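Chain nomenclature is as follows: A, B and C, assigned in order of appearance, with residue numbering initiated at 1 for each chain independently.
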Amino acid sequence: MTAGDGPLLEVRSVSRRFGVVAALDRIDLTLQPGERVLLLGRNGAGKTTLLRLAATLLRPTTGTLRHFGREARGDEGAAVRGRLGYLPHGSLLYDDLSVAGNLRFHAALHGLADVRGRVQRALEETGLSGRAGDPAGTLSRGLQQRLSAARAFLHRPDLLLLDEPFTGLDAPGVLLLQGLLRERLGTAGACLLATHDIPSSWPLVTRVVALAAGRIVLDRKADGLAPADLQALPGAAS
Amino acid sequence: MLQRLPLPLAAIALPLALREAFLAAPAEQKMGVVQRIFYFHVPSAMMAFLGVGLCAVLSALYLWRRDRRYDIAAEAAAELGVLFCTIVLVTGPLWARPVWGVYWTGEVRLTSTLILWLLFVGYLLLRGQAGGDRDATARFAAIVAIVGALDVPIIYKSVEWWRGLHPKVLKISGGGGLDPAMARSLLVCSIAFLLLFAALYVERLRLGRLTEEVASLEQQTARLENAEGSPA
Amino acid sequence: MIGVARGSLAVAAKDLRAEMASPAQAMSLFVFALLVVVVFHFAFDLTAAEFTALGPGVLWVAILFTGILALDRGFRVEREGGRIDGLRLAPMPRSALYFGKVLSTWTIMTAVEIVLVPIAAILFNHPLGGWALRLLPVLLLNTLGFAAVGCLFACITTQTRRGDLLLPVLLFPAAVPIALAAVRATGHVLAGRPLDRFAHWLTLSAAYDLIFLAAAVLLFDHALDD
């Protein structure tokens, strides 16, 4: 992982419209190395849209986004995409491929070396070694979520974008993911984590950002805040 | 100002064209009166190509610039292209039946024009079905238009080879080319059709822009309503 | 970061592995193709003598219809579960995704064709022979052209409402040169004529392939979500 080269993500005055609806309205957000941001907001507040914009899957209607100091346009964006990790709602898994096969495909797309070793370690870290040969479609929701996480982190991204990552995970699964995040992010990585599950994410979080109707209504460090304070905020646990 | 010109000019030119085709042009040796459809059939084909070509160029410009105006112009051009293509496909059999005894001669150019028609009707269907996201619709339609236009010469070539010959439908007077008087009539009719195309195009563009304005006003209204309803 | 070649191969390999993991799906494509041929067999009461004349048309109708199904499936798979995002996030040029899909579609269709042609010949009592091998370039060149335009269009139609009907409506007219070239060339091969009699058709197919592969590389980016 590279040492801090300046902000990992800069969102400047970004708006995103879908037809008539403005999902995001003039968002300003900067992520420095080491920051772990908890993104709060009600359903429809714009969390997923912001994550997808940060993942370069959407283009802003107005405003600019910069990753690691550059704009990720088209093919030049390939270098940027190699350092991003995105864990969305959908599983991104191929049901017909095996558990290991899905990871191997991801490794191939990222041109990773030592595929076998990496995949093996990833399976061990997420407790999936026993199911390595099974088709991904036969896994339970919770195990699929673990596999999705293993996939998202396989290429050791510097910037992690997570959309409800704890959904479907049992208690051991939650602990597993927390540990994985801590270890992967280290001191130089950053993440943007959108969730309603505050208790699970709280141990990791350094900063809290809340969205309401497409605008940022809160942006402060987590020091001095307790999870209970957040319940009162718009968008918590709804 | 320039926009207002085609309509009155077309209004003058079209009756002139009719006169040209039915009265001024010389009678054809073998086919009789029905041959005069030629003076509408051929210019329609030219306008169909113009519409298709224009659509492709505007589509490429849209993909490059992402300016909604190019998209509106491309759609208008495609509609006119399909319209004139339809005229070609209707006048073709109308001409063929009395003269050659069959509706569809399987003639090279007519067959290829049918394929072209199918392609761009498909384009219009795509636009019609795409639903809410207008930017996506515009992108997809632009791609189809460009592929279609690139395909046109290849389609014509392949159908030509398929039939194995080049029936010279234009060489009616049997010699090396068109009778000069007929050529002149054809020219008059072509110019008239070009003016008709221009007049229709201008109107269709205007309609497109107005529709766009309405949609954008609706957006603005909705946004204001949303803003009023949300917490400060 | 990886380049176009590696990316395409990775995508194609994934498609083929998934296909082989559920052989029932792969078989259903072949069965469909065979059914089309059988329907023609009954509908027109074709005999061996006519296979040389009408066989090419029957074969290519079956192939193109099956191709539509393969194309639609190939992209619909990526629509589900947002898997296309995984592909769009890969640090590779976007054209790698396109070429990968063309490669896997081409391979799957060719696999169906290689089995279909001899079986169709047997069904019509047409003697098998060296012509089957000589048919291979015709199959490969024309299938490639169909896949090239087909993948571009399928990417679009799988994002459109009721797009499954739109794919054949758009693709069949666009693929007319391929259909004509394929049928003519196949006919010449079946009749045992020398290559120089129909080389121009192969040239047409090759030109079509090049033109539309090149065009698709430029256009494909605009066909993906934004």
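The rule we apply is simple: a residue touches a chain if its C-beta (ideal position, glycine included) is under 8 Å from a C-beta of that chain, and two chains touch if they have at least 3 such contacts.
This is a predicted model, so every value here is computed, not measured.
The innermost chain, defined by the distance from its C-alpha mean to the mean of all protein C-alpha atoms, is C.
Farthest from chain A, judged by the mean position of CA atoms in each chain, is B. Interface comparison, B-C versus A-B: the higher number of contacting C-beta pairs is recorded for B-C.
Mean C-alpha positions place chain A and chain C at a centre distance of 38 Å. Centroid to centroid, with C-alpha atoms defining each point, chain B and chain C lie 31 Å apart.
Rounded to a whole number, the gap between the C-alpha centres of chain A and chain B is 50 angstrom. Residue positions 225-226 of chain C are each in touch with at least two other chains.
Those residues of chain A lying in contact with chain C across their complex are 55-59, 74-75, 78-82, 84, 86, 88-94, 96-98, 101, 105-106, 108-111, 135, 151.
Touching chain A in their complex are the following residues of chain C: 1-2, 6-7, 10-11, 13-14, 17-19, 21-22, 77, 81-83, 85-94, 221, 225-226. Taken together, the chain B residues at the contact with chain A in this complex read 132-134, 218-219, 222-223, 226, 230-231.
The touching residues of chain C, when paired with chain B in their complex, are 149, 152-153, 156, 159-163, 166, 169-170, 172-174, 176-177, 180-181, 184, 200-201, 204, 207-208, 211-212, 215, 219, 222-223, 225-226. By the touch criterion stated above, chain B contacts chain C in their complex at residues 63, 115-116, 118-119, 122-123, 125-126, 129-131, 135-136, 139-140, 142-144, 146-148, 150-151, 154-155, 157-159, 161-162.
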